[in-house]
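What follows is a pair of complexes built around chain A, which joins chain B in one and chain C in the other.
Our next item is the complex of A and B:
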C-alpha cells in the first residue's frame, strides 16, 4: 500500500476514532523529559515524539499484576476465568517495542506449544499504531536487528517535519487511516526523508554490539566462568529494575489473594525478577542461584544464550532501558562486549 | 535445540491456569511430616499420568505447589500424592480430610522412560521424599512384574520413623525378585539397618551394569553428585540413569521462568533428565 501523508490533526482524529471502540494506551509527558505509556482520555494527551518510556507498552498485554482467575471458597469452591478484556489500541510504539511484542507473542503464546490464555485474550483484541523514532546514546537496535521493525503494527507513522508518513499494514490499519479522511500522497520532500530514515537512524547509533546475535550463544558459553560475572555482580544491587523495565522479560510469580471475609479471592500473577534472591529457592532451604554472580550471569544467558537458541534470535530488542535505568549504571552491551573481547 | 518459532499454539488454552476441583478420597499420615492423600477427579475423569509426572495442587486462598503423582498409572479412578509439610501450601494440604475439595492442574512434565525399563533390572535410589515419585515407577513395575527384571530399591531417611511406605516395603520384599535396602542418618534404639547417607548402601548391592536402568530422586544437588559418582563406580553409564530434579515452580507450563536449568524448563522438559543431560548442564547439580 502506498504511504500517505497525515497532519498532526489527522493523527489525532485517528486516535479519536480508535477511542470510540477501544481503550488507548499512548505515550504521555510526565515530567520535563520523562514520558510514560498511559490510558488516555483525550487524543491531545498523546505525544508524537519521545525518547523512551521507563515501562514498555508490555504493561497492556502482560500487566505488572493481573488475576489469572477469580475464585470463591464458600459455600462451594468455584473458579472463574477473569472477565474478557476490553479491546485496546497501543499508540506510539517504537520499532524496538514492536519487536518486543513479537518476542512476547512467541514466549506467551507459542513457546513449548503452550498458549497463555490471559495474554492471548488481550493480544487478540489489540490494535497497534507504530511510531518511528531517532535513537539516543542508549539505543542499540541495529545490533539486534530491530531498528526497522514494522511487523506487529497495524498502522505505522514516520514523523517528517510537521507531518507524518503513514503506512497501513493491515486491514485494521487501513480502516484507521480512512478515519482521517481523503488520502493524500506525501510531498516529494517528505517522501525523501521517509525513504532515507533507515540510513539516518542507523548512522546515529553509537552503542554497538561487537558480535552478531547468532554468535553470542557459543561466545558466552565459552566464558561461563569469566570474571566478568563476578565483576558485574560486585556492582549490582539485585534490585530487579533491569528486568522490570525490559520489554521482553516475562517471568512472573503467582500468589493467592483473599478478600476480607475470606469467601472469595483471586490467583494473581505479578512480575518477578531472576535477580531477586528468592527467585530460584525452594522449600527446605536450597537456593539454586543463591550467589549474585549466578543471578547476574543468568540474566545474560537467558536472553543471549538459551532463549536466543530456542527462539532463533537474541531475546533483547536493544531498547536500552535496562542500561539507562540501572541503579548501578551497569551496561548491558558493555558486559557483552567485554565477553566478546575476552574471547578474541 | 529446535526452532519453535512457527510452532502453533495448542488446543483451547482457556483452562491452562484453572484447576479442576477434585475431592480427597482418603488421607493418612505416613510419618510426622508426610501425608498420603488420595484424590479423585470430578466425574470419574482419569488423571492419565506417567510415573515421574507431577500435578499442580492448590487450595484456593493458599496457593499452589508442584507435587509428584505417587501412585502408578494402573490405578484408575483416583491417584495418590505424598506431601511433606514444609511451608504454606503443604501445611494447608496436611489439613485435608476425606470429602474436602482440592484443586488439580496437570499432569505436567515428562516422567520416567518406562519403555526403557522393560526387560531390564531397575535400581531405584530414593532419598527422603524422593520415594514419592519413584513409588509410581515401582507400582508400575509391580503391576506387570513379568515384563521387568530385578527391582532394587535404596531408600534413605533421617530416622527410622521417617521411612516412607513401611507396610508397602514389607510387601515388596515378599517377592524374591525385589530387594529393598534402608538406611537412616540418625539411628534410634532398636534400628537394625544401615546408618548413614544413601550412598552407604551402594557397596551392598550387586548389579549387572549392562542390563540396568537407574531411576533416582535424592534431595539437594550435592547428593546427586555423590550418587552419580557411586553409580559410575558400579560401571553404570550416564545414559542409563534418570533423575528427577526439583526446582521452584509457579506455572508448570513453561511460562513463569522459575524452573529454568540452563536452557531447559524443568516443568516441561523435565523433571526427569538423563545422566547425560544432567552432565551437559551447568546448573543441574
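Our next item is the complex of A and C:
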C-alpha cells in the first residue's frame, strides 16, 4: 500500500473517527516534563511528539489492577466473569512499544500453551495507531532490534515536518485512513525524509549494548557471582518502578477480596514486582530472594537469560523507561555492559 | 445468629484525625456497623462500655499516667489495633524526645508549663502487645476497612512493604524529584495510593519506613539531586523515621503479627 500524507488536522479527524466507536488511549502531557497514556475525551488532548510515557500502553491490555471474576452471596450465590471489554484504540504507540505488545501477546496468550482470557478479550478488540519517533539519551532500541517495528500496528504514522506519512497496515488501518478524506500522496521531500528515517534514527542512538541479545544468556550466567549485583543493589530501593513501567514485565499477584458488607467480592489481579521484598516468600516463611542483590540479579536474568532462551530474544524492547524512571538512576544497559566487560 | 463483636475506639496523644477518617467513610462504615456493635467511641457517641472485644487505639503514649489506662484496654481487648502513625510508630511528636522537656514546656506554655505532665513519646507497642498496625497520618480509610474486614473474617493482614514510588508510578504521577522537590517515597511504606504526590506535594514518610529501607541509597541519591545533609535529616525527622522507637515498632510489626496472624476470629474467644 502506497503511503499517503496526512496533516495534523487529518490525524485529529482519524482520532475523532476512532472515538466514535472505541475508547482511545493516547499520550498526553503530565506535569512539568512528563507524558502519560490516558483515555482521552477530545482528540486535541493527544500529543504527537513525546519521548516516552510513564506507563507503557500495556496498561490498556494488562491493567495495573483488574477483577478476573466477581461473585455475589446475595440474593443468591453467583459467579460472573468480568463484563466484555469495550473496543479500544491505542494511539501514538512507538515502535519499541509495538514490539513490546508483540512480546506480551506471546507471554499472555501463547506461553506454556495457556491463553489468559482477560488479556485475550481486550487484545482482540484493540486497534493500534503507531507513531514513529526519534530517540533520546535513554533509548537503545537498535541494540534489541525494535527500532523499526511496524508489526501490531493497524495504521502507522511518521511525522515529517508539519505533516505525517501514513501507512495502512491492515483493513482496520485502511478504514481509519479513509476517515481522513481523499487520499493524497506525500510530497517528494516528505517521502525522502520518510525513506531515510530509519538510518537517521539509528545514527542518533548513543546508548548501545556491547553484546548481541543472543549472547547474553551465557554471558550473564558466567557472571552469576559478579560483584555487579551487589554494587547495583547498594543503590536500589526495591521500589518496583522498573517493573511497573516496563512494557514487557507481566508478573501479577492474585487476591480474593470481599466488600465489607459481605454481599459481593472479586478475584483481583494486580501488578507484582520481583523487586519487592515479599515477592519470592512462600508458605512457611522462607524467602528465596530475601536479599536485595538476589532480587536485582533476578531482574536481569529474567529478561536476558530465562525469557531470552524461552522466547528466543531478549525480553526487553529498549524503550529506556526503567532507566529514565528509576528512582535511583540505575541504568539497565550500563549494568549489562559492565557484565559484558567483566567477561572479556 | 452469633453475637456481634463489640468494638471500642480510644485515643491518647493525637489529633483524632484517624478516627475522623473512619467516621467519614460513609456507606461502607454503615455496612461495617451491621456486623459489629460499637460500644465506646467518644468522638462519635455518648454511650460507653468497658465490655469490648476489639479496641482501635489512636495516639501515642506521652505520659506515665497513660500507661495504666492503655494496659486496662489491652487486658479487656481480645484484639488491639494501633490506629494511625501516632499509635503505630509514635507520630510526628516523637521529635520532642530529642529536646529538653522542661525547655519545650517553657517555650510552649511559658511559666504555666510546669503543671503539665509530659514525658517520652512512645508508640503503643512500646507499652503493650499490638495485634495489628494501620499506619498513616491520617490512615487510609480503605485500609481501615480492609483490616477490619480481615479481622472479622479471621484472615491475616500484612501492611504492604512496598515503597510509595510503586503506587506513584501506577498512577502515572510525575516523579516528585523531577518536579524539584525532596521526597521520601522510595523508602516509605506504601498503601496510601500516593495521595500526597497526587496533589503536588511530596512524600513526608508518614507511614514509616518499608521493612528493608535502603537508607544509604536515599542519602546518596538525594545528595546527587542537590539536597544537603540537613535537608535530608529535616525530612526524616518530621516523622522521626530514624528514631529507635520507630525502628523498634517496625520490627515488632514485622516479627510479631500477634492475634491477627494467628487468624481464626480471635475476638470470639469470649
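Going forward, the second predicted complex is superposed on the first by the 338 of 344 C-alpha atoms of A that agree within 3 Å, B and C clash if a C-alpha of one lies under 4 Å from a C-alpha of the other, contacts with A are read in each partner's own complex, and residues count from 1 in each chain.
The rule we apply is simple: contacts are C-beta pairs under 8 Å (C-beta built on N, C-alpha and C of every residue); 3 or more make two chains touch, one makes a residue touch a chain.
Because the structure is a prediction, the values reported are computed rather than measured.
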item: First (chain B), second (chain C), both or neither touched by A:325; value: second
item: Chain B versus chain C as contact partner of A:262, first or second or both or neither; value: both
item: Touched partner set for A:238, first chain B, second chain C, both or neither; value: second
item: Residue contacts with chain A in the superposition, chain B compared against chain C; value: B
item: Contacts of A:271 with chain B and chain C, given as first, second, both or neither; value: second
item: Where chain A meets both chain C and chain B, residue numbers; value: 258, 262
item: Residue numbers on chain A that touch chain C, as the complex places them; value: 30-34, 36-38, 53-55, 64, 234-241, 244-245, 258-262, 271, 273, 276-278, 292, 325, 327-329
item: Residue numbers on chain C that touch chain A, as the complex places them; value: 28, 31-32, 34-35, 145, 148-149, 153, 158, 161-163, 165-166, 169-170, 172-175, 177-179, 185-187, 210-214, 216-218, 220-221, 224
item: Parts of chain A lying in touch with chain B, wherever the complex brings them together; value: 68-69, 71-73, 76-79, 81, 106-118, 120, 224, 250-256, 258, 262, 265, 267, 269, 272, 274, 279-284, 286, 288-289, 294, 298, 301-302, 305-306, 309-312
item: Parts of chain B lying in touch with chain A, wherever the complex brings them together; value: 1-5, 7-10, 13-19, 21, 58, 60-64, 86-87, 90, 101, 103, 220-221, 246-248, 250-251, 253-258, 260-263, 265, 268, 282-283
